[in-house]
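In what comes next, subunit A is part of two complexes: it sits with subunit B in the first one and with subunit C in the second one.
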Partner chain A sequence: MSAIELSGVTKQFGDVTALHDLDLEVQDGEIYGFLGPNGAGKSTTIDILLDFVRPTSGRASVLGMDAQDDSLAIRQRTGVLPDGFHVYDRLTARQHLEFAIESKNATDDPDELLERVGIPDAADRKAGGFSKGMAQRLALAVALVGEPDLIILDEPSTGLDPNGAREMREIIKEEAARGATVFFSSHILEQVEAVCDRVGILQNGELVAEDTIRGLRDAAGTGTTLRVTVDVLTDDVLVAVRDVPGVTDVTADGDTLTVRTESAAKTDVLDAVEGTGADVVDFSTEEASLDDVFAAYTDEEVARA
Partner chain B sequence: MSWSVIAKKDFRDAGRSKALWALTALFVLFMAGMAYVYTLVQSGGPAGAGELGSLGLIFFLISPVTLLIPLTALVMAHKSIAGEVESGSAKFLLSLPHTRRDAIIGKVVGRGAVMGVAVLVGLVVAAVVTVALYDSFDTMAYLGFAVLTVFLAVMYTAIGVGLSATTKDGGRATILVAGFYVFFELAWGLVPTGVYYLLNNSFAPGPNTVPPDWYLLLNRLPPSSAFSSAVFQFLPGNAGNIAQYFPQSPPIHLSKWAALAMMVVWFVVVPLVGYRVFERADL
Partner chain C sequence: MTWPVVARRDLRELLAEKTLYYFCALFALVGGGVASIAARGQAPTRLSHLVALLFLFATPPLAVTFVQQAIPRSVTTGRIRLTLSLPHSRAAFVAGVGAAAVVAALAVTAAGVLGAVAMYLVRGAPVDLLGLVPVLALLVLLAAAFVGATLAFTARSRSTTLSVATGYGFLLLAFFWPVAVSLSTVVLGSTVGVPVPGRMVNTVTQLSPVFAYQNAVSALGLGIAGPVGHIPEWGGVVVLLAWAGLGYALAARRFGGIDL
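== the complex of A and B ==
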């Protein structure tokens, strides 16, 4: 069964098309990263799953139920960290959790949950005085109430320091290990790379790519980049390197070559350089970063630069 | 029953925000103060020391009550939904398993309870003052007045919540409730007068004529008028214009039950309209 299924979902706000004929399927039990630049339509998609927003056309189902007709049953089994939410200023952290626990008829211990998200000392403090990061941790604790089958996290690392973001990822992994499906959106790639089984990239309301991280990297064709500095850079060197099978692009800057390769081994490139009589002074390799992958899908110009 | 969870949270929230305490203090001061002021008014009146009775106090209280309670209830309630949607705490609330209907009912009950408790405490303190200083205390009449006054407070809270649910913008919610108050409580008198003018070419029935039923009915429609009509007609003393025009018994649509029904209509219809809009809205 799929935990989330969108078919042909379009959402228009006035003249603006936020989502355009979106199809998306998240399998039961997987961690799905929902990537895209700000304004791509990620939050709108999540709002549709929670029935905060109704699609102009198309259907959305969550946990096998219709997102509009069965929203209450869906939210009973779903934990949510919404984007752009606001805590109740006058309620303490514990009272927020008590409210969520009572709302879901759950039996969790508020203190245990606060311990888990790393703010046990804030239990009796009013949430109005919380930093963004603390509010985010509190919201995560609320999302964990009742051992939900599906956890939806909209930009969960907002306001968290790197340490907090890492703890967030640990919790996501624990929840997935328990059997929960995790759907989380982000515009930050490292967040997604570290935990997600599968990633979808949303751009202008359309899913432009969907695969594993490795699959995306391969598909984006931004393989490895070698930088080779030689004592004297001659045309012979350039020609020799270009002829190496698997090399896609070679550019020269002073005495440094920048070599893009799909598959060529770096030793083949170095052998080719030294075969012309030149000496290699320095060299380094760069794996294509996920940013390059991301950019390749969301902005062709940036990928070429 | 998920609205009860929301109502409880809202009530506690008000208690924590001091709003409950401030309102209670306000109504204690107001009701007890009025009860005391009335003793001065009566002793200084043309008849010298008139008889000091609780019924007189009640009729003395009607018009300040219909001014103060609607205004405080609207101030209390007008951001209840719109403010939450605007700030984003509605996302928090509605990501939990609550329907939008439960959110509205919970707000009406929670904030209605805050208003109701504050008004009730005020009424109790005023009753103590009355028993101590007055010549007579009509328990049944005072009880009836208290019930209707608490209902007025809850009804106006419901109106505020209902109006709040029709918009996602806190500022617009403020304008809406202000507009509602101005139209129904301040300007409404022009409506029956205007209709009367169109039909009869004069602005109001003469002093010695019985106005037509529809004219009397129109005047009783606004929330506060429904309340004061109910107070006049349920309590002894034959006060109010209906008792003058219909010494025997008024037609059904001008009866005390009609006045009460009108209060119920306001209590139900405005939140229902709010719900209709809120249910369809994108948050």
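== the complex of A and C ==
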């Protein structure tokens, strides 16, 4: 079953088209990373799922229910960390959580939730004095109330220090292990890479790519870079490596070859080197980072636009 | 409906920011101060008459003050996103903030009434507690009418400045309603040539929440009479209920249609 499904969703704000005929499907139980540069339409997509904004056309469903008609039932089973939220300055962290617990008719313990998100000592402090990171942790605690079936996190690591971001990732994994579906938007790619089963890249309101991170790397053609150090680098070695199917570029620096491949297996490259009689002294592999993959998709789209 | 949860949260915040306490203390002093004058002499003013008249002028501004920024401020600060990420409908949110504002305005009114009662007791003047009950009930309706109307006017606003201007603008209009009605009558008569009978003018005046309250209070025999139109005294209660109910309904509809 799909936890989230958008079909032909378009959203216009005046003359600006924020989303253009967007189709998106997130399967039950998966961790889905929603990537895109600022202004790509990530938050608008999430706002439509939560019925904060209404689509100009198209249909959105969440947990098998219509995002507009069944919004209350959806939010009863969904935990949300929204973008651009603000805490109630004069209410304590505990009062925020009591409000959420009462709203969902849940039985969670506020202290346990605050412990889980790493701010156990802030229970009786007024939220107006919280740092951005603490407010973000508090909002995450609110999102976890009632063991939701779906967790929607919009830029969850905003304002978090590296430890906070790591703890956030742990919580996301724990929730997924419990059986929840997690849908989160981010522009911090290493965070997405660390936890996501699948990733969608949104650009100018359109989904330009959607796959596993491995699949995206392959499809983007960002390839892999091999560095091979040999005992003696001859022209025969260079020719042999260039002839390996899937190798796109070979450069030499001293006794080290830098080989860029689209699809060639590293064993094929090493076999080609050794086939010339040279000995491989050392080698290393460098995969394209998610940044490269992201840039490959978004730069291409920008250029096309 | 989850509006009581929203209302309790808003009241908790009002209590936490202490504004409500300050208002209560101030109005207790005002109520006591005015009562100290009214309770003097051999024939003191009836307490219910004093309360009905004093809070005709005090409760509407309180109601407007507590509610005028409730929706625009929630939207502009992003607090609404935290609230509506939980299972509350937009209508429940509007009802919740409205209920909190009514309760807050009535808490301050009650403090003022208590101040007046205390002063009457100190002065040895008669305290007609039973006579106060219907007056307090009408003050509840008066507060609800102004809260409903203000919510309706500010439901789509994203500017707190504009919402303040709208709220207090409506308050002024409600009090100076006869002037507006008279001006409209003159304009109608001079431009279209349609004469408007005096009783009809009074009837339109009775539609103001202020004069509807006055109309309803006159049924209690407290000597506070408003203009006599086609709406009977008990009809003042209906007019106040209509302002509250229609105001809320319009606010919920308007707020339900905006992108947050």
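Note that the second predicted complex is superposed on the first by the 247 of 305 C-alpha atoms of A that agree within 3 Å, B and C clash if a C-alpha of one lies under 4 Å from a C-alpha of the other, contacts with A are read in each partner's own complex, and residues count from 1 in each chain.
The rule we apply is simple: a contact is a pair of C-beta atoms (placed from the backbone, for glycine too) under 8 Å apart; a residue touches a chain by one contact, two chains touch by 3 or more.
Given the structure is predicted, the values throughout are model-derived calculations rather than measurements.
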| item | value |
| --- | --- |
| Fit or clash between subunit C and subunit B when superposed on subunit A | clash |
| Partner chain(s) touched by A:Leu238 [first = subunit B, second = subunit C, both, neither] | neither |
| Subunit B versus subunit C as contact partner of A:Leu72, first or second or both or neither | both |
| First, second, both or neither for A:Ala123, with subunit B first and subunit C second | neither |
| Partner chain(s) touched by A:Ile188 [first = subunit B, second = subunit C, both, neither] | neither |
| Partner chain(s) touched by A:Val208 [first = subunit B, second = subunit C, both, neither] | neither |
| First, second, both or neither for A:Ala252, with subunit B first and subunit C second | neither |
| Residues of subunit A at both interfaces, subunit B in one complex, subunit C in the other | 13, 47, 50, 52-54, 71-73, 75-76, 80, 82-88, 90-91, 95, 99-100, 102-104, 139, 142 |
| Footprint of subunit B on subunit A - complex, ascending | 13, 47, 50, 52-54, 71-73, 75-76, 78, 80, 82-88, 90-91, 95, 99-100, 102-104, 139, 142 |
| Residues of subunit A touching subunit C in the complex | 13, 47, 50, 52-54, 71-73, 75-76, 80-88, 90-91, 95-96, 99-100, 102-104, 126, 139, 142-143 |
| Subunit B residues touching subunit A - in the complex, by the definition given at the top | 2, 5, 9, 12-13, 16-17, 87-89, 91-92, 94-99, 280, 282-283 |
| Subunit A-touching residues of subunit C, taken from the complex the two chains share | 2, 5, 8-9, 12-13, 16-17, 77-79, 81-82, 84-89, 259-260 |
